[in-house]
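What follows is chain A paired twice: with chain B in the first complex and chain C in the second.
This part shows the complex of A and B:
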């Protein structure tokens, strides 16, 4: 009787599976979701116009899958580019990008498990010189910019009446160092234009990332730039020791979503997240004091202003970028937002495979030209200015030619 | 006069009932959130949700989870194809040669693996392939690289996750076969191999099939061992002839990646993926229970 049951079950389940497979195959053939096409393979090119001249991208002769991974921050933008370029290249170039974290992305690229790695900060000096020592030819290029927003949860503060809360780098450093305990500290009150008396007499809960992240690296680097005390006692990196935690007024959250969630659920808290998360959470964003002495919110104007000043300082893509990491934050410019970060790709100059070289070259050339147009940029990211793109494009030209 | 004993009894019954219901509340809550959000997400793009790719964030369109469903199906079937025969063979050895030193040592090792964090199993598989690559390069002197991120390494990691569970279950069901059945089988003059394959496995088939189904649903929900092995992919890869050596996506990896993003479209897609995974696991459990009940009624 049992054997009857089992054979009946196997029969039913196989009929079900066949049914599901049948439906899927039907829809797959209907919607042409698999755009790899047989015709027009050899010598297929895409022509794009950049800076008044047309560039033709040589595509590989067989379908190529490029595997990349790293920065969680750039993942949505990379997925948008990957989907659009796969459709544009008629399935010849597929970019499989997975957000495994900046550190892991660089490490797996270094061990040659990935074709490229993406990181929120340039390669650290020791890793750079270690890879350089093996004679491997590689470059790092910026591909897109973003900002880190300071979010806060102050029930007493009415944005409609008082405007967004104003903060400066020194005050932020003092908060996370534990020098400022309460919201009504004179240092915070003196920064406010109006409503200074609305700031409550309650301790500030400083929220930070508990996992290693490029966001923390950029934020702590900014604090180190504006505060000598921070630089000497804490420093900067993917993870740091947060002095405020020892006072009992600090909390860690995992990932940007964890920090956002903690700020939402903890009154009188403050935290730092990538701009996209701040925009989606509907939490108020603090205005930060920039080098020119103005209070600015992170938005398209203020971020691109900061990128414009940074791009004059970009080194050659084959050089060590870590030595100038501190020169790309907190820049001059009336409207520059102080905490702007870049996503860097680390990639080889030669993949020992003509088709792969062509595929990577075509993809990167496309994202550095057409990909930077506003219709291809996801909300929360900012395109790079022309000066930065020119440096990167010149480096990408060299892929496969050595 | 108040009936003190009756009152005491009623209070105790009430307290115990409340305590019994309490642990179910989070489970029921979890179940209903996944079902409600999942059905809502799928209904916004039906039936496209089952075969399309994830959408571009910010586009306002809810994509689909087609590549992830196929990825999970491929990973789990290959892991099952490797894991089930292997664990049956090991379990037969362990139930036949109880006194053997190999059984004692192997038993300890495999049951230790049972409680291993699955992320370590993923990293171990990744490291294992690196070591294999070094050995091929040094000893065989040929320029062949086993891909570290591939369907095969993902399946191997899942096999290692399911192996201890299956081994313990099958070994126990083989050992619990009554001695009278064993004696009857050997008195027919069957060899040990034949007795095991033709009599004992068939006798214990109900519990074996049940444990296989539960093992499959167990590995279906695994994320950690796949992070550094199957790696993930958001596109259909099966049209590629060498897809076994390329990364592949899975439902669990998709839930992990899409659910943590700030974009509504992706979060909705993750809910839908969670609902589909829930359905797959639930149906396996129901089939397993059905078979188990049939085995007892025999």
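This part shows the complex of A and C:
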């Protein structure tokens, strides 16, 4: 009797499952039906003022969903922009951004599964040439900047008395290479202005990202720039092999929050995270030696100074950006912060759909103008200077006109 | 065969089996490039260096198996004890409370276990288990470091996480033993402990089944393990006090940017294929233990 009931139960639930599967299959085959009628909305525009002149953004005549994805770093900023712009366009332009990682974003844009990709590093040379070879018209533009902060957990160190810990790129490379084991290494002591004798005789626990990330790519690129040994033995990328791990003095954390958490809970540790996470954690941030020989903290002044010098080196949006990736870090300028990162969008110049062209052009033009104003920039991100924005705007202008 | 297809349940079975087969075929197809490129080295070396496109997953596969085995060993002791306590020793009136508590343990999101493991369990194990033991066992088990994230910590956490599942299954087994059998055992003069021991032997199949589910969960768990295992490529994965990796936590860490590299996607699929094979082997061992009388 009991077994009868159970088999009935299984039968009913399997019919239910089949029913649900049937419904979802039906709906999957019915996508994009019933477009919302937007009578009278054709020709709807938004007018913005940029650099003293007004620009009018042509909006599509029907609601358009732009699908983008990539960099997890830019996700909060992109969501903020998307929300604001959906309201501004009265729902005509919705940006659906998927925070799937830079590598995946670029790959999915390349296979045309996404309208645009967002990446923490420019398109690699081989991918750039491959797409170029197919005759596809596309551009890369930087949309926002950020910085990587070096955080540390050093109980003996009193910031009020000694100031923030000072570090240089060479010393950071030596720490992560395993050449420097303890905090009281002469190389670290000699960088300090005062309190050098307070550095303890304890091993440094070097914390790094365990997941692949643009943060690691930028940080290791910086180490490769300042240290030949790092460049030759480790290299740079989303994920690298950390020599310090093999000594037992390295640990991985997942995501910026994982690294921050590990530094908080591990005395005598050091780590690198996006600036916003360092600020939130209340952990002390190290002053880094810049190219001009000054020790600088990451803040609006030092990052903007670095961005100013970097933006002079930006190539044309249609060109190969991979060759300048290593020229945008560790730049001249008295106050320049050495590890500044950029988020790049890759997008097509023609989407073979007039409305989609209009939607993407309007959204990007807005990002590069109004979107860069401080009220639209999320904490931890840095707006780009006008020179860089002008070049990008000119490139965006070409969308849909070819 | 025709009976299988005609019966409505046969269709459901076919659906489920075909989904699983498609998954396996998909895994195999995706794994081919890395296996052709690296050959056996993919299984026998320990490296994860996308910069040089060098992948060898011994460290992660080893970490997964070690975490699986230790957590099942610890979990077996804990879950059999708990099941016996609930089914035999606890007052019948309180039983439903214990059962509910146990089942709630199975419903807690794994990320909560992971967070608890990282903040409380790892430092606790470091202070009271790993640091004392490593003073004379460091050659075998490795020298632990703060905050205590290690393969051992992940194993203990997984043992705690699989107990609610395994003990629920074992408990149901114990409760399903007919009363007349229990009465018969008692009537021939068995003590309380003899009664428990005989019953535990009677539910051997439940125990194996419960622990197999536990093993699968320990090997497959991603979020909680990634938070406490240390996430370091550790060729000496058998030194359990050192931070390490499991295949699942490696995949969770690496899939986001995998497509930026030529072979990484394939390497991740191949790693999951091998972890699938490990699970299959564990099930075969379990089944053969069930069949052996």
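Just a few scattered comments:
Note that in this section the second predicted complex is superposed on the first by the 362 of 402 C-alpha atoms of A that agree within 3 Å, B and C clash if a C-alpha of one lies under 4 Å from a C-alpha of the other, contacts with A are read in each partner's own complex, and residues count from 1 in each chain.
Just so it is clear, a contact is a pair of C-beta atoms (placed from the backbone, for glycine too) under 8 Å apart; a residue touches a chain by one contact, two chains touch by 3 or more.
Being a predicted model, the structure only gives us computed values, none of them experimental.
In the superposed model, A:86 makes contact with chain B only, not with chain C. In the superposed pair of complexes, A:14 makes contact with chain C only, with no contact to chain B. Legend: residue contacts after superposition of the two complexes on their common chain; A:240 is shown touching chain C, with no touch to chain B. Of the two partner chains placed by superposition, only chain C is touched by A:251; chain B is not. Looking at the shared chain after the overlay, A:163 reaches neither chain B nor chain C. Once the two complexes are laid over each other on the shared chain, residue contacts for A:196 go to neither chain B nor chain C.
Judged by the touch definition given at the top, the superposed model places A:315 against neither chain B nor chain C.
Across the two superposed structures, the residue set of chain A contacted by chain B and also by chain C is 100.
Interface residues of chain B, counted against chain A in their complex, comprise 47-48, 50-54, 56-58, 66, 130, 148-149, 205-206, 209, 227-228, 231-237, 239-240, 246-247, 253, 257, 260-264, 266, 287, 290-291, 294-295, 297-298. Contact residues on chain A toward chain B in their complex (touch as defined above): 1-3, 5-6, 9, 13, 23-24, 27-28, 31, 33-34, 36, 63, 65, 67, 69, 75-76, 79-80, 82-84, 86, 94, 96, 98-100, 111, 113-114, 255-257, 260, 276-277, 279-281, 378-380. Looking at the complex, you find that chain C touches chain A at residues 8-9, 11-12, 47-52, 118-119, 123, 142-143, 145-147, 149, 226-227, 230-234, 242-243, 249, 252-261.
Within the complex formed with chain C, the chain A residues making contact are 7, 10-11, 14-15, 17-18, 72, 100-104, 106-108, 124, 205, 210-214, 234-242, 245, 248-254, 258, 261-262, 265-267.
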